Structures are given as C-alpha cells and as structure tokens.
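The data blocks that follow each hold one structure.
Shared chain: chain A. Partners: chain B in the first complex, chain C in the second.
Up next is the complex of A and B:
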C-alpha cells in the first residue's frame, strides 16, 4: 500500500516540479528584463506579452487531456478505498446510483477545473514544437483513456484486486502526464539552463 | 507590425508557405478549428499559373473559401471575354497566359494597357460592373483588402458577378461559399475561417514577397502597389525582392534575361515617390543564399522566413508595446529620403551569453543577405530578440557602420528560448564612394553586375524580346521605344550604371512606361494643331467637371 501512496505523490511531484520550474523561469525572466529597461511593469504585463496562440484544436485537446488525467488519477487512487482507506465507492448513496461513474467524473472535473484550466493556459506561454503538439493531440488521449478504462474495470470488480492491471493503468497515466508536461519542462528548462 | 504576407508568383508562394505553416494540429479528414499561422499572421499566394496551383496541396483556392488560399489573377477573365479578345487583337497580349516565363515587360504592359487605353478601360468597365482594371481590382478586393485594417465590412466587394445570399450572410461579401460543405468546414480541411471577423486582428500593412526573376512576382508588385495607392496613399506597403542567382537557374533561364527583369522591377519600384508605390524594398540576393544552403531551395525559403521573423514577431519588450507599429515603421523608413529606400537585411542568431551584443551585431554584419558595405548605410533598423542591452547594441552598430546614433533604431523583442536573434535592415547602403563598383562585396559591385547583364541582354537579344509570339506591330514598336528609344530603359540603365560608378544616389529617379510615348504624342498633337491653349483649357475644365459630377465616380 505504501508503495502505491508514494506513486500517488510521484504523480503530483511531477506536476509540482513543472509548476516550480515555470514560476522560477518567469521570476528570472522578469528580473532579467527589469534590469534591461527603465520602466516598471507587472508580471501580468510580461505574461500578456508572452502569450501566443497555440491553435484551437490543440488547446481543446489539451484541456480534455488534462481533465482526463485528473479523472485517471482519481479513478486509480480514490475510486476504491483500497489505497487511502476511503474512496468514492464508500459513499453508498451515490455509488449505488446507475450514473455513479458519471457523477464521480463530474465531481473530479469540478474540483480540479481551476488546476487543469490554469495548466493548459500555461501552454500559451511557451513555444511548443509541432512534434509535441502532435504527441499531445494523438498519443496522450488514447493513453489516458486506456488507463481510465482499466481503473474503472478495477473499480467494478472491487473488492477483487489485480496489481498487474493497476500497474499498467498507472504507467499509462504517468506517461500521459509526462507527455502533457513536456512542453513546460523543455520550455522552462531551456530558459533556466 | 502585423503585415499581410502576399507571396507573388512561384517563388513568392514557396517563401510565403514558410510563414503560413499551420501551428495547430488536427485531423486531415475531418478538420475543425481555425487555421493558425505563426503569430496568427495572415497571408495569401497570388499567382498567374493554374498549373502551379494544381501541383501543390498547401494552398487551397481562396474563391472556394480555403485557408491558406491562393488567388489566380486572371481567373476573373472568362476565356471568351470581350476585353481579352480586344487586348489580344490590339496588342497581342493574352490576359489568361499561364505564367510569364521570365518576361517582366509582359505583365507591365498588360497593366499599363488598363491604365492608359481608354477603350480597354471602357470595355473592361462594361464587362466587370464598372471596374476598369479588373485583374488588379479582383486581386486587391478579393484577395488582399479583406485581411487589412482598411477593409470596410459593409461594402459589397464582388466584381463581375452578383452577390449570393450565402455570401451576404456568411462572408460579408466574401468569399462566396461555393457549396454547402465548405460552410460547415468539410472542404479539404482548409476552410477560410481566417477571413477576419469583427473583433479579430486585421493586418496593418502589406508585405509582398517575390523573386525578381521576371515572372509573375516581378510583374505584379509594381502595378499592384500602384493600384493600392489609388485607394490608400499612406497604408504601409513593403516588398521583399529576391534577386535570382548567377548563371542558369532551375528553369534554364539566362542570367541576363532575369537581370533585365530585376532591373525593370527595381526601376519601377524605386523611382516612385513615397505614396505612389511601395514604401521600401527589402532586397536579398539568392546568389548568397544559394552558396549558404548549397542550392537547397527548401532551406533557402526557411532561411528567408527565419531572417524576417524578428520583423513580424509581436513579443515587444514591456516598455515598448507600440514600437514596431507599421505606420511608425513606415515613417522611420521614409525619413529624409526622396524615393523608397532599399533595405539590406543582415541576420544572425546565437545562444545567449552575457555581454554578447557585440558578437550578435558583428555576426549579422558578416551575414548580409545582399552584398553591401555597412558603412555606406544611412540608417539601421535593428530587430533583436533576446535579453540584450539597447545601449550595447547601439554602440556596436555605430562602431561597425559609422551610422549616427539617432539613425540607429532598435526594436527589442522577447525570445522564447535561449536563442538570440538579430535582423539589421541597412537603409540604402550605397553611394558616396566613386569606384565602389569595382570592389567585390559592395552593393555597387553586385548591382553593377545586374544592370550590366540587363543592358547586355537588351543589346544582344532584341529579336527574342521584340519578336515574342503574338505581339502586334504596335506593341513591338512600343516595346522597341521603351527599351531602345531615347530616354528608354537602356538609357535609364546606363545612367544607373554611371550613378553606381560615380557613387551617386538614388540609382533610379524616373520610372518608364511602355505605352507612355504614344499618349504624350497624342496630347501634344491635339494641343498644337487643333485647339488654342484657351480652348484646350476650357476643354480640360469641362472634362474634369464631368468627372466630378459623375454619380458613379462619386459613389466610388
């Protein structure tokens, strides 16, 4: 169990690392530019200048992928009470409803809306090479959907447990997350070097 | 600066492709979303050869609502058009010629006919709902103006056909949706949603890109910019001309033939006052690019885009959001010059390092895209991307070029990587140095080569030029006078050579027209033999009054 909890934190650490890199990059950029101009400006102004259109298809798919990622994480760790001792299936009144999985997804989407919206907005601050866009568009959603289906399957067969399936689902989710964060890692990383 | 990039002719189309590569992703079978070029800029490809358009898949037909779109100028002319017939019989020019294989004078003559021949104008007006110059009107109103800030949403722009209900509803007059599938985005994946909507950003200037080899690009820039000027005197119009390489080119055209085309284009573009044609000509030499990229045209096109990117990049420093506003840029470029200047681009990029400004400037000045001596330039416009110190850049430029501090304009842009890039546009880097044409690597040296080759071609190929298939005797005579006559092109080019040799500037001071002499003779004859001066004055007054009273003209 402990191993799975640490895997949960790894998923969040990756996300946190990207956010920290992003913050440091913009902080450094702000201070560098401040040295070069005799003009006071806010960070918001800098971000406004930095924003670039990434394409409506890409942005839509990025938001969908991020929301899928959070649903995947929630399904893996919080659908059944197996890992943290509590889970969605503990809420008998909702769990017994025939729309339970929809309700579960909706709750996750609402509770994480701000996070994934902000993260996908961060994309507009980086130059994302076309290859990354293609990966995020074509590869990430299928990976996350597979991971989600496996998690939902594990939820339906609970209390029966299949560690192999769980691991496969986790790996797919983690690859999806890394690919989603790749533009930020490479973009901010390049500037911080 | 947010220009509309207009690639003209085959080479122009291929270069503009680099500017318009889709930044978004999507399914090719069932496309959704808006087409997004780099920095959301807009562009069109203007050509005259349908076969070129058919042999590519990047552009779709603008008329079919595709984006990015191409427009074939003479598509507006039907095969059995009356005006086509008239011009063919009177002059021997075919309005539906598929390309103008290295004959710069061909398009020049066609557009002059529409400007000078009253009968042709009248016939065209009858055939195209009052449009006297249907080719240019079509290109400008359908292909270019809708993307610019001068587009008026409420005007109907169609010529030669009535508006359809669909175009009224969906397209504010353009483009006419040819079928239902294109309305719902099912047409070839390139539905033109880039035609700006009310709140969308329109282009504040024009950037024509063409090769100066004598095809459609060379022939179109001058008449098109002149046509635009009839409507918009101060709208910024810039042109990027690529001089073709030495020796035989990919289409086996002689160097002299291409250089003649370049000389005609340079004369036409640079001998007009600001407000009558283009505002500046950015000049590149394919000879340099070919050597740099081993003749790989794909890489050359990429390099041209890369070099020009700092110009269109909108990531201005927070203290100077409006620094590269097109109108302001136009003003800066035209300051203290009588004629549109030549701008020689110098481009360099490197990875960021502390105090690397001098290296950046030196690198750029060693990578000039047209041969010149930077010390001869009278102004420098510097577009630099990255974390750079303005003063250090200015100092380095001054050290390397001897340009006064107030004539070095620096436009700093933010970079999204550790790469720093610089584009220096050197204004008029020639003149003031007699004998400079003998020194290899100077502007005078290269331009002298081009003009000399053009003169040689004129001298040695009169039969090839004049006996072109289909020319009528009248046309042959006009071209003969234009090329070989007193104060003709040959004389003009010879004077240009003299200017280059003695270090005088500007290179060209008056433009030439093929059918000009005929008109002048006609007016002089009328004035001397048939009317007194007073009568002529009264007649002119009467004509002007009639024009001003004409309801149609007032409406226009």
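Up next is the complex of A and C:
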C-alpha cells in the first residue's frame, strides 16, 4: 500500500514540477521582453500578445485529455478506500446510485475545472512541435481511456484486488500524463537553457 | 487596459463555472429521465433501497411496540420450525439481492388460526429493521410462510446479520418469536454491476461524453 501512495506522489510531483517550470518559463519570458522595451506592461497583457494559437481541435482534445487524466488519477487512488483508507465508495447515497461512477467523475471534473480550463492558455505560451501535437491528439486519449476503463473495472470488483490490472492502468495513466506535460517540460527547458 | 483585461478574465471564469454547473444539472436530469424511461419508471436500483425504509430509533420503537401490542395469547399454540434464509439469485449473499426468508408453521389445535407474522433483520448498521408483515391462516397441515425482499443496503456489506420472525400467537415453546443468526455474512462487494454490463457501459460512456463535451465547450466558448 505504501508503494501505491508513493506512486500517487510521483504522479502528483510530475504535475507540480510542470507547474513550477511553467512559472519559471513565464517569468523568464516576461523579464526578457521587459528588458527589450521601454514601457511597462502587465503579465496578462503579455499573455494576450504572446499567445500562439495551437489550433482549436488540438486544444479541445488537450482539455479532454487533461480532464480524463484527472479522472484516471482519482479513480485509481480515490475510488475505493483501499489505498488512502477513504474513498468515493464510502459515500453511501452516491455510491449506490445508478450513475455512481459518472457522478464520481463529475465531482472530479468540477474540482479540477480551473486547472484544465487554463491548459489551453498554458500551451499557447509554448512552441509545440507537430510531433507532440500528433502524440497528444492520437495517442494520449486512447491511453487514458484504457487506463480509466481498467481503474473503473477495479472499482466495480472491489474488494477484490488485481495488482496486475492496477499496475497496467497506472502505467498507461503515467505515460499519458508525461506526454501531456512534454510541451511544458521541453519548452521551459529550452527557455532555461 | 490592465483593469479591463483583469475583469474580462474574471468574468470569463465566473461565467465558465456557471455554465458548467448548468450543464451538469441539465445532463443529470436528462440521464435520470432516460434511465427512468428505459426501466419503465420502475426504479428498482440499489440506491433507492436506502430511502425505502425509515431509519433510526423509530424502527426499534416500532419493533418494541409491536411486541408489546402483539403479546402471546396462551389459549392458542402454534408449531413453528425450520426458519431459513437464502439469497435468490446466487449462492453468495450480496446486499442488493432479494432474499427469501421462510418458516414452517402449523396450528396445534383443531380449526383454523389467523396469525400475523412479521420479519425483522438485524445488522450493525440497521439494528432490528422491520422488513415485512403478513397475516397467515394456519390449520393442522404444515405451511411454509415466505418473505421475499431486499432488506439490506450498502452499509450492510461485509456484515453478519440476524433475522427474527415475530408472530401474534405463542409457539410450542411459549414464545412469540424465533431468532436466527445467518451462517454467512453479506458479501463485501459494494458495486452491484460489472463494467461489461449495460449499467457499467452507460456510466463509462457518460464519463467520456461529458469529458468530450467539456473540452469542446471550454475551447469554443472561452479560448477561441
């Protein structure tokens, strides 16, 4: 069980690291541009001017993938009380509802709405190569859908535990997460260099 | 310019949250309506068991007051035996299943006797909950009295249970009830369907459609 908690923190730290790198990237960008021009400008104005359109379809699917990623993480770690001792299935009145898994996902989507709402804006500050776009568009959603299906399946058979399925689901989720964060890591890395 | 940009972003966020909440309410309403129509308005899902029975001390009050009201009459003796319970659909007892409780009864005296039989179940989460009651007519022939019900809910998963038949006449031992401990506990499984089932797939597809809808809506509404 401790191993699974460590795995949760790995997934969480990857997100945190990306956020830190994004912030550093942005402040570096701001300071670089403010050195070049005379007048002062706000960070929001910088975002407005510097935005690079990534394509509506790509951004839509990126938001879908991010929302699926949060549902995957939540269903792997918080659907059953097995790992953290509490889980969504402890909420009796919702857990026994016909659409219990969907309600669970909705709660996750509501609680993470502000994050994936800003994903499009975050991506717009980076130059994303076409290969990354293709990966995020065609590979990440199927990975996350498979991971989600397996983790929900594990929820329905709880208290039976299948560590192989759990590991497969986690690996798929982690690969999806890394691929989604790749533009931020590489973009911020380039800026820091 | 700075304040106007700030206001715009703020309004967009508030509008986004409002829009998502409205969409969620509408989608929930639609999904519940579709399910109700699909089931012919016979909502027998597991969740509805929770509201079927009153909770708390009232049940115990009912039970006690019933026992006091329906005290044994020494004049009439009935014979009671072989109380049994089994889950109807499988050998494993899940909380969402219908259970069949049965007891054999007969009148030890000549003639016909009308007896009220009441079934109670007892778990840690729901102590002595009244399940059902029926009036039976007994003569000298052995009669099987059945109760077919789903008396448990999700809180009863992974718990042992007891059940009690209370009757309005005294039996061969001079008592007016018989109480049995179930041999096996209720199974610990919580969700009452598999992923490869209609309910599982409806849940899964609903999640995907919701995520897709949110992605497209946010991008088209706020970022385009």
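Basically, the second predicted complex is superposed on the first by the 192 of 193 C-alpha atoms of A that agree within 3 Å, B and C clash if a C-alpha of one lies under 4 Å from a C-alpha of the other, contacts with A are read in each partner's own complex, and residues count from 1 in each chain.
Just so it is clear, a contact is a pair of C-beta atoms (placed from the backbone, for glycine too) under 8 Å apart; a residue touches a chain by one contact, two chains touch by 3 or more.
On a predicted model such as this, the values are computed, not experimentally measured, just so you know.
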**OP:** Using the superposition on chain A, decide if chain B and chain C clash or fit.
**Re:** fit
Original post:
Where does A:165 make contact in the superposed view: on chain B (first), on chain C (second), on both, or on neither?
Top reply: neither
Original post:
Which partner does A:56 reach: the first (chain B), the second (chain C), both, or neither?
Top reply: both
Original post:
Should A:8 be classified as contacting the first partner (chain B), the second (chain C), both, or neither?
Top reply: neither
**OP:** Return first, second, both or neither, reflecting whether A:45 touches chain B, chain C, both chains, or no partner chain.
**Re:** both
Original post:
More residues of chain A are touched by which chain, chain B or chain C?
Top reply: C
Subject >> Which superposed partner A:185 touches (first chain B, second chain C, both, neither) >> reply: neither
Original post:
Does the superposition put A:130 against chain B (first), chain C (second), both, or neither?
Top reply: first
Original post:
After superposition on the shared chain, which partner residues are touched by A:32: those of chain B (first), chain C (second), both, or neither?
Top reply: first
Subject >> Least Cα gap, in Å, left between chain B and chain C after the two complexes are fitted on chain A >> reply: 10
Subject >> Footprint overlap on chain A, comparing chain B with chain C >> reply: 45, 56, 60-61
Subject >> chain C - residues contacting chain A, complex >> reply: 1-2, 5-6, 9, 13, 16-17, 20-21, 24, 28, 31-32, 35, 45-47, 49-50, 153-155, 158, 188-195, 199-200, 202-204, 206-208, 210-212, 214-216, 218-220, 222-224
**OP:** Would you pull the chain B residues touching chain A in the complex into a rising list?
**Re:** 22-26, 32-34, 36, 39-40, 315-319, 321, 387-390, 412, 414, 416-418
**OP:** Could you pull out which chain A residues touch chain B in their complex?
**Re:** 32-33, 36-39, 41, 45-46, 49-50, 52-58, 60-61, 126-127, 130, 133-134, 137-138, 187, 190-191, 193
Original post:
Which of the residues in chain A come into contact with chain C in the complex?
Top reply: 42, 44-45, 48, 56, 59-65, 67-68, 71, 89, 92-93, 95-102, 105-106, 109-110, 113-114, 116-117, 120-121, 145, 148-149, 152-153, 155-160
